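In this document, chain identifiers A, B, C, D, E, F, G and H correspond to the written order of the chains, with residue numbering beginning at 1 in each.
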């Protein structure tokens, strides 16, 4: 600093400030990466538990759901820490860093909810919720303890795009579940899945999506609808379910 | 604001003998850029509206009959808006300028073609000709062959989506005579036959001379996508057939009636 | 919407909200583009006026400065409108759209200030300011009537990076001015410029810049320093200025 | 085409028509390429002649100009043929094929005119014109015998953009000429060039150019203005030219 | 040439020779492009005819094969002309221009032969050949009337690489044909295709290919083998074909 | 190098040493490439033999396994030579050159072992081993006669990453084998494969993979799990296998 | 947190016979990833510190003498920090792992080489040899020839900046004997001569055998940049000469003494 | 080969032949690469010697030229070996492998000749040739002992394109030499270079180049012409050279 003429017109703090800003930014990114690593690890754990649903008859699902809820609870805590760090900067500045991990958490919540876990307060907590239910974005936000679809202020939240991405992943998982339910001898669940997926599909059809990643992935929905319909057809053909 | 600035001329500039000429240039170029901006904006709006129409039409399940009222209503509404867009830029695309902004309007017109041809197909199960499509545009706006073809290329993708979704939700391939049960009625056509006609026509089209302009630039990639779309429908129909041929012992499915009669193409 | 079963578990507003959000975003961008077009046009006007400094002896600069100040005033108003529209969304979401135009405005202010225009309040407004002065980022913010280097809230402001980019442009312009001053017979101004640019150069040298656009452009400073030094050397050699 | 079923979905004439359009288009392009090859060859010849101006003192320029005028005359004839073929299709459809060659011709005319050649009718043909003159777009059109800046009908013409592109090339060439004039011992021409280029620069500065090729190249003007200012600086410093 | 300083050290013939060479080269390329355009158009015609195989039961294939043979005959003539022009220059200098079109012709011949067309002399011409046959490179050369795999002299010929590239394209086409055969109610052809493709795959597997385009494309063979195995699986599962 | 004066800035031995290092390195690479070419050729042979498993009923697999074991034995010898050359430099310096070929060998060993070949010593060599077995990394190392997962010294060995990559390839191959088993009329093997693949999948799920090639490929496991589930579904639906 | 999770095993997983094996793999891979992360972070920090040292050294104006105290102090401070960084990752780069994380540490080591060689040059006006540089690193961390060469390539850029800035601010080219006025002293060398030595040595280095790895990948681009740097200094020296040779009539400049004697290279 | 079904439709020789061809090709490439490595290393040596010209006054150039001639002689021998190997295959098949190295040799010869080395026979060998001379393509061929611009037979030779590419490199080198000559106190050589480069430029100007690499690089000539003109300008301005 000594060689900046001290009587000069240049305020050296300009450069010091800039340096501080650059350093702050690097530090925030490092903190975000650290917590995201934990979230990713926990996410893997939750997925691993939930994947047991494919080989567990619906009647014996309760322990799986309990384990999943416990694992999700850990993730909720981590999301809390993420939210804290993230609020150090503008939401959209770092959003790209965590959106994939957040989508994974939402998917886990949606699947657990669909299977009958995560009963919401109004429904009598503790008691198993009814299966086949779609948690709304507000309910997901409540579980994660973060705001959703924020428009009036700049804070950590869950966007509608993230919710929809997770919903598409849910549909893919349910198509697989329909197949494996038959293997488990459960012929009712494919029908339930079929109705659910058709309803969601109808919803997506009224969206005017731009040519973005959401649109690309939403094209996969129709293949999953078809796969599930094929299962229902196979069962109908063999009189294993009532005619639709 | 703009008018106010024109008369002003600064010291150095006013000593330049070329200022009147440059002021004239400025006005010309400003007009050009404004027109260009209007066209780009209209093209973007038309693209968006066309996409919305296509989305709406993808909810149709029956071929070769009137579009259900709710969908037709939405389509009509958007079409009117689009017509208004075209009308506002029609003066910008007149005479000499018809080709001048071709690159700017091209995207919109292609998407418009896709929508128009999709609707026409759903209603009539026929490919709309260029002249007929061109009559749907304001008189002064030309529909180029390039834009027509590129729009139809994308139509194949929409027909694929329409076919697969219909198979997924109704269990049968859309065809021209869904009420008739006779599997081999002459004249009955299904979407796969139509897609194969389109594929054969596209493949016979020689665009090697187009170079890097318009068609030439995009055709190779679009051709691959188009072929893949047709093959997706072929695979879906294959799935229908393979499933339909299996009969559990002693059971005669009346479900069969709902299935599309997959006829052998006659050519 | 009619075909989404109204008794379904799917809240149709989820999709309506998403649509609205997507549409709002597009509209904001359109509004930003409109005001930026005006700012760019005004910027060209200001540059055109300021470029007369290269052919005007320092003694006769007053009318040029007055004209430049008037032109800058118009830009300040437009920046006000930009700020208003920009605050509809998070700052960093759209920042890339306007940063180049804002840098141009800052450069015009810095150059005008350096030439002796834009006297700040403390200095007795109306009276010509001393030439050779670097307006600080705060002074620039005051002139533009927007906050600078904002850290505690998410609003429109001027970043340090933008200020520095404009400062580099100022140096390039001053190198040219040094050459043209000699042509005008003014042998003092090159000395003044030389001192000023050396001071700024020294400041830049202590920055630890990342491999970004700021660094790439800051490399150009040393060439301009050398060019100005060559002018001073040429004058010294001919005894047209006192030995350094 | 016979193999598309006639009762099918597709009227075969649709594709036959398209094929015809494509074939016609290819033929026009072939004809254009042939004449453009001739124009390019002639252009190279003209450039080669005009480049002698860099090593010829102004006083002895007359034979060079006469040779250049003869060469330009040949190009004018070729442009006539180009115009004929080009009018087979819409102007802007094929414009990209010839615009570079047409810009070269315009540049040759502008340079020849600036050096004192191509005296226009009003000025007494045959007699050498005054040097340092900028031919207007209308004069260029007159020499080339084609309309300029056409708006009301679709025919071959010269656009404003093409004229401006050639003008930028002229400035680049004059910057080189300023350097070489000093080598030839001519200290007046750099001053003349300096004034001329500044005037043109001022004109460009008030244009609102979009981010197109014209804008990109117009950046080179500023570079050449600086280069010529450097020459004037060198001469002023050594008292080789009168003070401005 | 007159303006190259005549006392200069540069022999003008260098440039005259080069010009001649460049012009010759351009002419040969133009001739090649003209004949290749014809070949490509004919190729499209042949493909268009052969693509009917996907919707025509094997029993009714005869007219399709007859039409394809006629179309291929036209191509053979064009290849003759290509061979003539190509022998004006070194084979490998221009090879890149036509290799794709030649691969297309070879593919058409291989597909037509596989479907039972193009009966070779020894087999009793005129009579329909047995389907499912792979024409050797020598047979393809005989049909095209050009040498194959030439090593001792520089003349137009078909390389082994070109033959193998076409063979890979044949496999892709047969995978599609296996699917469409089932749609046509023919359950035997997929089995035939399966055996054929496995044999070709086994051949490719023992080749030591360098990292060139052939190697990259040969990866697609495995993908198509799997696709065909899936078809055979579907048929076996449903007892539509006898167990192997 | 002799021409650099010794009193100069540069000791000429610096660059001579560097050149020597570079040349030594090139020689080692050449030696490695030579032996790797042999290994690749042998690998192709082994794959070719093992691919017969897709068309051979389990009961008749013995001769295929015997041939594969012989072919693998040859590769083991070549790996020995590779190990020798590789130990001339640090293990990880050249690892990238051979890792793909080594993965191929490991995959061949894993597949052969899974099919019931390569009975380990403890199990009574010579006797056919039980099918459906996963050879551990230690067993693979024993067969290849090289250390595995080395940590305390720098020598040729097999890494965990290589073992896992080969395991993913094994899963892809088993998915294909499940399909072809059904074609061969064997409904038990798909169930055996299904259980095996699920077990391996569960293992992969607890790994914390970074964004590297292992992660990208491990995504394919999920796809293959689904494909095998589809086969089990098809068999369950038709009562071709007992309920789980 | 991490430890607590390991013992847990869920229902399906515990039924898989491969879990113990995979748990072992997981631990191994986690160790590997952690080491890798540490190395990457250290490399980034070392790069940043090296750049800062280079920035500080760019304030030096005198060649072949001690670094001014204020700058030397800053350099020393940062060097110490860097040494600590190296020491912490030294165990991660030992034995087998010395080359394992080569790609991760390489960037840092190259930048470190650039800083070390720049300082060595400023002090001694000589190129630091590989062995001497290697001794500055912890014993277990190897300095590869590739990293050495790539660092020296970038040194040329810094020498160019040093030369141009010195010319710009002092009006003379840095050279070994700025006190001596004799223009042709044998043994006196300037930066340009040194740059030309480096250029000649680089150009004589045959890296064609390196292929796409390490040196081979970057050398072509670096060579072009290096040549351009040398030519920039040549042009700057040319400017000095051309200016210095012009003598206004009857005036003998004593300013000349401050100018560098630009000697003719002796080889 | 035994595992290709022997009753199959596939002739196994197809693959055997292909293997042989691929192996032959690989061997030729290996031989070419070996000799090219030698040529490149020798080329580096020659460049290294010739680069001393930039720091050696013209009067003391003789030892440099003698060393360069000796080094070029070694390269001529290597080119002889290259020619031998290259004639095993068609010239244009492998031309891409060596063209860059051959251009380097030609450039070295042209530069050495321009500096006054490589006196041709007619001029009295041994005696230093006059500086500033351009060796013709025939003279280069004579020195290299290979034919040039061959059109009637397929053999190793030097093409006109290669000669011109090297000529462009020579111009780039001379632009650098003009700068360094001034540093050496030699004000005559820049004038000589200026005249030479202008002559070559005039030759290039009349060529009708296609859009190939030659055209792209020929744009650099104009840039270098300007650079040399700047040097002559600097010298003229300061009366360091006589007026032209």
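As a working rule, contacts are C-beta pairs under 8 Å (C-beta built on N, C-alpha and C of every residue); 3 or more make two chains touch, one makes a residue touch a chain.
In this text, all values refer to a predicted model and were calculated from it rather than measured experimentally.
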Comparing contact pairs by residue number, the option in D-H, E-H or A-C matching A-F for over half of them is D-H
Computing the C-alpha centre of each chain, which chain sits at the greatest distance from chain D?
F
Averaged over CA atoms, how far is the centre of chain B from the centre of chain D? Could you give it in whole Å?
41
Could you give the separation in Å between the centres of chain C and chain E, each centre being the mean of its C-alpha atoms?
62
Note: chain G sits from chain C at a C-alpha centroid distance in Å of 35
Chain G: positions in contact with at least two other chains
12-13, 59, 193, 200, 204-206, 209, 246, 267
Which chain H residues reach two or more other chains?
3, 52, 202, 206-208
Please give the residue numbers of chain E that touch chain B in the complex, ascending.
37, 40-41, 44-45, 47-48, 51-52, 54-57, 176, 179-180, 182-185, 231, 234-235, 238, 240
As the complex stands, chain B meets chain D at residues 12-13, 15-19, 21-23, 25-26, 28-30, 33, 36, 95-96, 98-100, 102, 125-127, 129-130, 145, 148-149, 187, 189, 193-194, 197-198, 200-201, 204-207, 209-211, 213, 215, 265-267
Of all residues in chain C, which touch chain A in the complex?
1, 3-5, 8-12, 14-15, 17-19, 21-22, 90-93, 132-134, 136-137, 149, 151, 154, 160-161, 163-164, 196, 198-200, 202-208, 210
Using the touch definition from the top, list the residues of chain B that touch chain A in their complex.
48, 51-52, 55, 58-59, 161, 164-165, 167-169, 171, 236, 239, 243, 246, 248, 251, 253, 255
Would you tell me which residues of chain C are touching chain G in their complex?
198, 205-206, 208, 222-223, 225-226, 229-230, 233-234, 236-239, 243
